Amino acid sequence: MSSIRVGIVGASGYSGEELIRLLVRHPGVDLRWITSRQYKDRTLQSVYPGIGRFGELEFDDLESLEKKENQLELVFLALPHGAGMDYAHFFYNRGKVVIDLSADFRLENPLDYELYYKLSHPHADLLKKAVYALPEIYPDQIAHSNLLAMPGCYPTAVLLSLAPFLKKGWIDPHSIEIVALSGSTGAGKTLDTKLLFSELADNLRPYSFPSHRHIPEMEQQIAKLVKTDSVKVIFLPILAPLRRGILLTVIGSLSQPISQAEAEEQAQEFYKEAPFVKILPGGIMPELRYVLYSNNLYFSIHVLEEKKKLLILAAIDNLGKGAAGQAIQVMNIRLGWAQTLGLIP
Amino acid sequence: MSSIRVGIVGASGYSGEELIRLLVRHPGVDLRWITSRQYKDRTLQSVYPGIGRFGELEFDDLESLEKKENQLELVFLALPHGAGMDYAHFFYNRGKVVIDLSADFRLENPLDYELYYKLSHPHADLLKKAVYALPEIYPDQIAHSNLLAMPGCYPTAVLLSLAPFLKKGWIDPHSIEIVALSGSTGAGKTLDTKLLFSELADNLRPYSFPSHRHIPEMEQQIAKLVKTDSVKVIFLPILAPLRRGILLTVIGSLSQPISQAEAEEQAQEFYKEAPFVKILPGGIMPELRYVLYSNNLYFSIHVLEEKKKLLILAAIDNLGKGAAGQAIQVMNIRLGWAQTLGLIP
Amino acid sequence: MSSIRVGIVGASGYSGEELIRLLVRHPGVDLRWITSRQYKDRTLQSVYPGIGRFGELEFDDLESLEKKENQLELVFLALPHGAGMDYAHFFYNRGKVVIDLSADFRLENPLDYELYYKLSHPHADLLKKAVYALPEIYPDQIAHSNLLAMPGCYPTAVLLSLAPFLKKGWIDPHSIEIVALSGSTGAGKTLDTKLLFSELADNLRPYSFPSHRHIPEMEQQIAKLVKTDSVKVIFLPILAPLRRGILLTVIGSLSQPISQAEAEEQAQEFYKEAPFVKILPGGIMPELRYVLYSNNLYFSIHVLEEKKKLLILAAIDNLGKGAAGQAIQVMNIRLGWAQTLGLIP
Amino acid sequence: MSSIRVGIVGASGYSGEELIRLLVRHPGVDLRWITSRQYKDRTLQSVYPGIGRFGELEFDDLESLEKKENQLELVFLALPHGAGMDYAHFFYNRGKVVIDLSADFRLENPLDYELYYKLSHPHADLLKKAVYALPEIYPDQIAHSNLLAMPGCYPTAVLLSLAPFLKKGWIDPHSIEIVALSGSTGAGKTLDTKLLFSELADNLRPYSFPSHRHIPEMEQQIAKLVKTDSVKVIFLPILAPLRRGILLTVIGSLSQPISQAEAEEQAQEFYKEAPFVKILPGGIMPELRYVLYSNNLYFSIHVLEEKKKLLILAAIDNLGKGAAGQAIQVMNIRLGWAQTLGLIP
């Protein structure tokens, strides 16, 4: 198998680091270029001790962009929201495969960037070219696009665990309520007093309610799944004293009576060819440790007949299926490889 | 101020330990008797280093029950569920004030003990004498009863944060959904592999869904608040990697349109004389650290107009307002003292 | 008992916050003034929910220094190192009792400030007036000084656990090696990537070796205890995934053969009137939880006869006996009150 | 490459689980048999969700030992100390390669088992056949033995970081003092109140001082390295609130003056062909996160000239280089494969 030449723009955050750790184990990748202003000229090995293969590669900065681009075939962007729009445009225009881990190309409506991210999108035309790269839902589009917008961590868990039921019309899309717990790496390597160990340890902190930036993304995608115009969800995220992982609860109203067995069968059927999506049977509930350091999503389904509700519990690693792991799964699909290549299903 | 002579039956669990730590600081208490089979004949100081006052008191076992009872005026029972029913009966019949931290006298219907606790209540007649000792709701009953059944930790947070709205009829009592996060001490000092540090650290674990033992207690009390026959709630508890504390979300359907301001005013009015209940204004959400090592409940109210829902976030320390702190508050009320005596409001 | 009027300069750090929490419980204190640039005009209650008494007090800034000073009798300085030297001078000159929690007046030699703190001390003359306020060692000097330099957290634990043996000449002062574990609040509320939850959780990080700033303080004080000119210690501090607490190991060479019993007796005798210092007998070792949220120091003594060494394990709460608790103990001594007033011994 | 047929006896503890996780990624292994009384008849996938390859394999018990042995070529024993001695004997006698993760064959003197493990070794004759399987020190012996006794986690870190200097005679072997921090998985999946989350979180707990069971192992191996009869070390282990990892400090007296550069060069030279041993240069100190989930040992060397001491800081993952990772490294060497096969160096 020949290798693909890969670059990572913004390799010093938690998603970037995880991406490198996974690429080190990937048999089809030749990592050629990593950028970080902060770590410029330092070796991977010195910044991430114990990283393994590619340890001697040095961080570069973006000054050498023009010089380096012709050595690359595929570029991961792992920059803060808003910071990578021009680089996506640059690489896309030069025919590279662009896999963007930020929110920069997730939303279809440019106005949502003004509303939720307080910025005017400089390449709004590209939004139409971008594919929302949720691999279990849009594999064909992923296979044929050069601009792959990786879903957010929360939307990944919410959409994948709801999709089998939304597609069937079994859940009222306007009834969805989500309470989500997340580890601290979800908030990035950001210098913020609230993210200090002394502030988060022994603590639980709800945040960004009622207007977390992942809400428009979830609403847009739920609306697409049920082919409706507009959907509004309730979404409450809570920071827990953990480094990694998301465990969330979704409650929705049943549109029609279904049994526990029917619900489980539908999910099994829907994901019968999805190696990373695991449905827990018969009331077994996912724990966070089931998914840490993996690209798996585990979820359990609970039909509450008396209440006419469906409750779902879903767990992912925010850096795995919620970011870097899923980005590699998408790369595999785009390049025609087995989607599990370099990942443990 | 003269002191009251107090005993604690079952002083070796987490609630018992917290009770002792709080009584050490209480100016009106003379702690005379503490029991623990495990620590028999050891001093308080040797079991709980740094305990302060009463450090020389030795743990006794329950063999000396008959001999000791005449030295006591008030007894806290901090035993596992089911283990203290006979002792409650014993002390109550001898005219002592009994404050029971277990579930043994919380439920009105003896059949619920068979259903949820798998035991036949040996003193079912006493259930009618017991007061459900939620101090902000039943202060008068507490002041006049000798059998005080302390509420569970989850019901305390759920009931206190819902009561102002249930009483007004603003929430449909049949619509209530609760997602609750709890620290490990809520599960007791129980030898269970699932409670090992190696199993809970870096983990989140949903448990006892859909039939946690606090559910009948919540349902019975909600039904009483709204004067209806029967209520069913959805209650999902999750263990988080924390020693102490509960943070929970309650979502209910509004029965009528109310504004954010009306909701906050109603809560403020309802608790205007409640020193331990704090309403956070204007969208500020409680964090767990606001309540750790205190007897406070903090909650925030979020009217979701578009959704016709009320969302509440509430935080307590499960060993404070959820157990030992509230037991002392109840003792203070029962003895005619300021309810804040020995507690920091 | 009449109250003393107290101010806190720099009340927004972890030591300042702990000081307030303890003063709220102290029966002899009227807290009149708290400063914080960051929290200016906010109430204590809004910044530290659940604080209790004084909750309505508003944070001030230091502009009103001149106006406020005549309302105060005693001032705690809880500022970063170097930031409070002028304020100490200001209040001291106006006859106030100054209790400084920083390192600004701990060292006798002004040159040490240049060496270890990279600053020239603007009030080097005051260093001679300052008392090193370690209450178990220098109670008389504390009782008569208006400039009280609170010891650092590490030196407090090291000096108190070594003093009984140094004073007897049983340990070679030049042989002392210390490995110390500390929680994150010891590093302050500092915006530093290394202090993020994501960096410290699941981690252990040695730091500031071999030149931690507490070293000159320990060396100076050890030299004083043994009346020698100069002492050099080995000191290795390690950050552990904890908010609070210090557990440290001290190993020293025995200058003469002593038995385990002799060592324990000497420690018991040395601290027979010290309510906060607890010696664990017969091989029982301190755990961190023995001291959290208290002003206690627990230590155990292990004579290793074959090795001719003494090993000591000592635990304190860095915010308690290591900072705010000890500051209150010192205030009590200075004002002629019982040293345990407002503290739980 | 053809696969080797492997069994794991005792696959339900933390070392057994980690072994499985690593074997799943190993290209040369066909896992055929896993035993656990507790999980009998359950699939790997159901016990360890997300395990990947081999997920359908069922746990067996040891009743079928005779039937299964002829299907196996290599057996890992991951049983509690003392429980696997007969199985080692059984498989060894049938010509299998036995890799034992317990202490059962680490010590040369049968009397040490009586002294430290309170048991009489039933196969004391086998102790002479066993190789102490520390791969960087005894690679040739490992390559030719069928009874491989894996070193303990603490001894692995201590011996590897000291060996370069002991071999040179630069350190007095009788002067060695070790303070070691460990995560909770080092204590196993043992039902012990002291290992509950509620007891270890927010805590640090020294234990097994002065007679931890790893002491005779360290002393025996240090004595062999310096070719002396007997060595005594000081070893103080402390449990920290972590699941995984060991960070330890070793201090020894220099036998002769050496410089920092000489010490680092000697270590680099000594380990120039050791892919998993990393020496941090110039005062950089290892953090635990450098080694988590890896088979690496990181250490730093600090010559304290004035004190005539050498201080070493070393970090490993107790389940990686301290147990399962190292066992796979040893398997690789024994089978003539690259020692890094299936591991990330």
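For clarity, chains are labelled A, B, C and D in written order, and residue numbers in each chain start from 1.
Here is the rule we go by: a residue touches a chain if its C-beta (ideal position, glycine included) is under 8 Å from a C-beta of that chain, and two chains touch if they have at least 3 such contacts.
Quick caveat, the model's predicted, so the values are computed rather than measured.
The greatest centre-to-centre gap from chain A, using C-alpha centroids, is found for C. More C-beta pairs in contact connect the chains of A-C than those of the other pair, out of A-C and B-C. If you average the CA atoms of chain C and of chain D, the two centres end up 40 Å from each other.
The distance from the centre of chain A to the centre of chain C, each centre being the mean of the chain's C-alpha atoms, comes to 46 Å. For the pair chain B and chain C, the distance between C-alpha centroids works out to 37 Å. Those residues of chain A in touch with two or more other chains are numbered 199, 202, 241-243, 286. Residues of chain C touching chain A in their complex: 14, 184-185, 187, 189, 191-193, 195-202, 241-243.
Per the touch definition, chain B reaches chain A in the complex via residues 177, 179, 181, 199, 202-207, 209-210, 232, 234, 236, 238, 240-245, 247, 249, 251, 285-289, 292, 302, 304, 306-307, 309, 311, 313, 315. Taken together, the chain B residues at the contact with chain C in this complex read 24-25, 49-50, 52-53, 202, 278, 280, 286, 290-291, 293-294, 296, 298, 344-345.
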